[in-house]
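Two complexes come next, and they have one chain in common, subunit A, joined by subunit B in the first and subunit C in the second.
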Partner chain A sequence: MTTLIKQHPAIALGSRIGVIAVPLLVFFLCVLFVPRFLSVDNLQNVLRVGSILLIAACGQTGILIVGGIDFSMGSAVALLSVVTVILAPELGVALAFTGGICVAVLVGLCNGLLIAYLKLPAFLVTLGMLLVLHGLASLLSGGMPLDAAPSPGFLWLGSGHVAGIPVPIILALLAVLSLHGLLRYTLVGRSWYLVGTNFNAALNAGLPARRMVLLAYIVAGLFCALAGAILTSRVGSGQPNLYPDLAFATIAVCAISGIPLNGGRGSAVQVVCGTLIIAMLNNAVVLLNLTSAWQQLLMALVIGAAVVLPQLSNVRRRCVHLLRGNAQ
Partner chain B sequence: MKTIFQASGISKHYGTTCALRDANLVLKAGQIHALMGENGAGKSTFVKILVGAIRPDSGALVLDGQPVVFGSVRDALKQGVVPVYQHSTLFTRLTVLENLSAFGLGSAQRSWARNNCLDRQQATEVLSLVGLDVSLDSLVDELSLGERQLLEIARGVGRRCSVLILDEPTAALGAREANRLHQALQVLCAKRTAILYISHKIDDIKRMADAVTILRDGLTVVNAAARDDISAAQIVQHMLGQTFEPQALCVSTRGEVVLEARDIRLTPTAQPLSLCVHQGEVLGIVGVAGSGALRLGEVLAGAASGHGGTVSLNATSEVVNDRQSAMRAGIGYVPSDRHADGLFLGLSALQNASASVLRGFSSWGVLRLREEAGPFDALIAQFNLNPPRLDLDAAYYSGGNQQKLLFLRNLVLPNLQVLVVLEPTRGVDVGARESIHQALRALACRGIAIIVVSSDLLEVNTLCHQLLVVASHQVAGRMMADAQTDAVLSMMAGAC
Partner chain C sequence: MKASTINRQARFLVAPGALLLVLLMAGALVADYASLGNLQNIGSQAVILALLALGQMLVMLVRGFDISVGAVAACSSTVAALTMDWLGTPSIALAVVVGLLFGGLNGLLIAYLRVQPIVATLCSMIAAQGLARLISDDGQPVVPIDASALTDLAFQNVAGIPLLLAPALVCMLLVGLILKKFTLGRHLFMVGCDPQAASLVGVDSRRVTCIAYLACGALAGLAGAVLFCKTGTGLPTEGVSWALQSVAAAVIGGTALRGGTASVWPVFFGVLLIQALETALNIEGVSPFIAEIVMGLIILVAGGLDRLILRLFSSSTAYGES
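After this line comes the complex of A and B, so read on.
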């Protein structure tokens, strides 16, 4: 019954334009009110910081589309960094990073197997994984950050340049393009939307629904691994507390960009816009010399607005109704 | 008779489409008023306005002589307008008594201001009013579909109820349960409740209703005609806007055995059952709700597993374990609950229709999107899909057209050999029903074996060559389709 009344096409189009309009608006506000925001160096910095979040959010998007969620990303990148730094002296930089990346993909595989085939709730599986992996990373590193032997190779992913463009930005661009291609033009991407919209119907249509859910977690593991490798290279060390709230930041990105948590919807364009909003705001807060407490409050405000605004007419109707109900 | 609830001049637009234009309705005490119309005629919109779920653009509602404006369904409930929906809204993990009193929580008073628990005495009275004979402490899970429908009505009339609105109350019910429901409605009528009865079943309407209102394309084409002034044929004609002629029986010929099921048990203790289906044959499986007929259909399609036994395809001797292997083997499937198990609401109609043949237009896992719509062009016209396009959200389509989308999904399967359809025309209007029946006949003529599971005897009688009657999860009888309806009915009722 509730599904019968759907958004009018015009509104759907409006919200599609809104996706791009909001980051533009934030950009102009920052240009107007934040000193030193509009400089090549600063904008490049915004993008470089945003690129790591963007790559991880690409993975989270795939998972949200199949109707899942992943809280374990923060610990996965930490374990990746610790493993990479430990392996680096013995195997060399390239193999060490490969090993670290394998670890993160393996984490995705474990999440996926537990959720898709043992039918455990994604929320609990990935929350448990967050704790387990953090424990593992702490054990391996002895609880302290391990410094990597300084070498230009180790730092290249995080601080290198190709044709004058920072490597993380190039990788983020590649990640977004591949996510876009995957979602729009492949059998797997299409299946993700179908599975996330109605799992039972997907089974009945003869789709390998469970395999598709598993695949979403593995692909997320890959994206997460790429983000973790860049992060490890940037900080040049293996840290059990590398980016503890990465998963929450990616979920915030998705919430801001209007990707629902109940599956079936989401696009690469949305993720880019959501990440840009958060990256610009983070940068603005630093430039304005606000404390981290203010930073968090502002972020909460923005996410709150992103969740409430699209529902504004509903919320208003409910408020009116509540007030009238009380008056009677 | 006293007028209880009156709607006049109700109009509602969605964007540029007019869902309802200047509709009028007068509900009188102790009268059953039927509201009919094809899917998409505006019935749902009208009902939603009557129960306060949406606001009309214009028009007025008058309840007991007082003009009313409903802000929400709760508002309407408070004033005694009680809807009972087609899709169950019961809490299946709670008991009958808990369900009855849970509804009380939503009623007029603040929940903490009084003791909400309906006392057992009252609850028993309410149940006996609707003729429902179950223990107050049994879980709703354990009730049959018919009992649930009665409980839902009991929950509605347990409160102050002057207008009862029933949306397709017998859609999911077998004949016996439908009878029971009708008796309950007679009792309510005697207590001077006004009842609005929405149904596609013309038999029901002719038997039950005192007055008939018919909508077509948002317009009221028949306004409160007395039952005896309008014939069944006229009702159909008004709903469709054209004369409707039932098609002749299927003329396809039987070929070799395609699908064979051996020793399937629907419950661990039931007798095993076996059956085979031939090319071009239409096999009807009938049974009342809860008899296991639907379950058998699901097992044959690979959507559920029985307790032991095998389903296999003859040509390839492939054994069906799940939907994926069934699909590979060429078994198409239209589930009975299209919202829960069939459709992807929120995705486009095209994505819904092509879900089973993604591999057909992809190479190396990359979709050739240009080719996706190709196979459907001819089928859309053949099926009278309305609106005749596939780029809209599947949720925009009316029930009958959504059902057509599910058929489209199966018709394009490249190696379709068997099509299992469960309740193919439940909650579907006469026009869509006819297109679906025609499509099934055309498929049978192409040599495809068809298994129709339905609780609608008229439907299986016009479609099928052979009937299999299921009762108590076992085979109660097999017969040719033109057997006496009474004989089939007694078999369906037999072991229950």
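After this line comes the complex of A and C, so read on.
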């Protein structure tokens, strides 16, 4: 936090503009160098693919702000999809999705209870959950994808339209707005920042800090459930390997957005920008006909650049400091 | 006895005790489990995990975490397989070099550029996966024309002990020796206990942290070389769950999650425990999905034990320390 306090207002303004400037830069680069990038269909495609990642990343952001981390998302959406498809013939589509969503929220609750109240380390709990839930999903489905009975209701979440706009994009917009509202204007959101910055200080200030951590995991479970429901509807089946890298992808989004993993910082605007960068780059790689290997290498490069470049300015500042004779 | 000593001994006794329990139960319940052949099998299966867990232990000792080990091992096995035809046996040295490069990248990012270990190693995990896919035919196994020199070597037994265990045993001896007898080892413990205090007494904590990640990378590269020797092929998409398993083995083996406490032999027992359990479930014909659930539960229990031991034997139980 000390760096925040010391930061010159101009630098603070610069970094705020930088958050929005980088995705714009990526957009213009894509428009210039990637053929067929700038069309309504393709841009809609970028947003639709990005919306699932964005919703899940909203959940990850809340957790990162309280100083935790969630690796279990990939398996949580898998379990959700399998449960939804199994329930669909008996309960009907709407209730089946509700059941699946309850499962994912329950996962968040379990994570939160273990982390906040049993004080187990977040990364270990959620890594364990990653395996347990994947095992459960595979066990329920027999290790094979289960096809859902095709019905327009089942596919609506993933490929429906409302007033010409794809449903996932609308849901992603709602998710971002609710995260923004939660973080900015509610007591829960404000106290997440304090809990993440200094847990003991939050306890001493009389905040129910453990409950706040638990809430962050439950809210993340909700966002993750929404992402999983859209994903399930999109593929129209229950798969134990639906999106195994979802958690890693959301952490990458947060890293690119400049949200630190040690808690206390992060905003909805940042997540949107980070997701847009990743979604546009992935789309560009596909349009340029490059293999998935290049996509991974590019992703590693972008994450590396996003975390290293801000540090480099620190290094430069320190060097200048040394050259001036280290007066302070 | 001081509380900290009891704490340390209690956490190091978990893995051997649990291993004994699993071996006794499996020996009684599972047919043919207690045979020499099966125990040799467990030993040679455990090599890769032993190397990865050893590296994981080193970075956890300095408060770090490495999720890239599995991907690095897979990538280096691919490099070894690709170069086998024109380099011959020395290609396995190249595997170690690849591991060293990724370890160096992690060390540079984490120790010198202050990037969070999870983000830095996530970055190098994705890079290693991408590189492995790029140099192989988009993730297809790489089969050299003739790797029999290595695969023959891999399945020999010397005095009843699989030769494959040799790299793991040598590395464990080396790391154990360095931790106990060398200044570098002491420095690793000091940095893990308190990086700032270590810096104040003149330890270059960045260099020490960087060395831990370098060693972890080299061990992951060596694990890739062993993988290549065992299978005779380079497997670019292997090792997705190895990082998790290595963390589990290190934690069961008493490595403290908050850094500063670690020992080599308990970690090896942790590795054997995981392998013995997996083999028992496998022989019994239990679904691999249940084995996966058991593995996840082991990780959760290991975390719980770490917490419990800390709570029972020391006074500080503040949240957020670990």
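Note that in this section the second predicted complex is superposed on the first by the 308 of 328 C-alpha atoms of A that agree within 3 Å, B and C clash if a C-alpha of one lies under 4 Å from a C-alpha of the other, contacts with A are read in each partner's own complex, and residues count from 1 in each chain.
To be clear about the criterion, contacts are C-beta pairs under 8 Å (C-beta built on N, C-alpha and C of every residue); 3 or more make two chains touch, one makes a residue touch a chain.
This is a predicted model, so every value here is computed, not measured.
A.B. asks: After superposition on the shared chain, which partner residues are touched by A:N204: those of subunit B (first), subunit C (second), both, or neither?
C.D. replies: Once the two structures are laid over each other on A, A:N204 reaches subunit B alone.
A.B. asks: Applying the document's definition of touching, compare subunit B and subunit C: which contacts more of subunit A?
C.D. replies: When the residues of subunit A touched by each partner are counted, C comes out ahead.
A.B. asks: Per the contact definition in the header, classify A:L32: touching subunit B only (first), subunit C only (second), both, or neither.
C.D. replies: neither
A.B. asks: Using the touch definition from the top, say if A:M129 reaches subunit B (first), subunit C (second), both or neither.
C.D. replies: Only subunit C; A:M129 stays clear of subunit B.
A.B. asks: Based on the superposed arrangement, let me know which partner A:L187 touches: subunit B (first), subunit C (second), both, or neither?
C.D. replies: It touches subunit B, and subunit C stays clear.
A.B. asks: Scan A:F248 for contacts with subunit B and subunit C and give back first, second, both or neither.
C.D. replies: The answer is second: A:F248 touches subunit C but not subunit B.
A.B. asks: Considering only touches as defined above, state whether A:I69 meets subunit B (first), subunit C (second), both or neither.
C.D. replies: So A:I69 only meets subunit C here.
A.B. asks: Could you list which residues of subunit A make contact with subunit B in one structure and with subunit C in the other?
C.D. replies: Common to the two interfaces on subunit A: residues 200.
A.B. asks: Contact residues on subunit C for subunit A in the complex?
C.D. replies: Those in contact with subunit A are residues 65, 109, 113-116, 118-120, 122-127, 129-131, 133-134, 138, 240-241, 244, 247, 251, 257, 287, 289-293, 295-300, 302-304, 306-307, 317-320, 322.
A.B. asks: Would you mind writing out the residues of subunit B in touch with subunit A in their complex?
C.D. replies: Checking each residue of subunit B against subunit A gives 14-15, 44, 54, 71-72, 85, 87, 303, 322-324, 326-328, 333, 335, 339-347, 351, 355-356, 358-359, 362, 365-367, 369, 393, 395-396, 409.
A.B. asks: Quick check on the complex: what are the subunit A residues that touch subunit C?
C.D. replies: Residues in contact with subunit C: 67, 69, 114, 118-121, 123-125, 127-136, 138-139, 143, 199-200, 209-210, 244, 248, 251-252, 255, 260-262, 291-301, 303-304, 307-308, 311-312, 314-315.
A.B. asks: Going by the contact rule at the top, pick out the subunit A residues touching subunit B in the complex.
C.D. replies: Touch list, subunit A to subunit B: 1, 3-6, 8-10, 185-188, 190-191, 193-194, 197-198, 200-208, 264-265, 321, 324.
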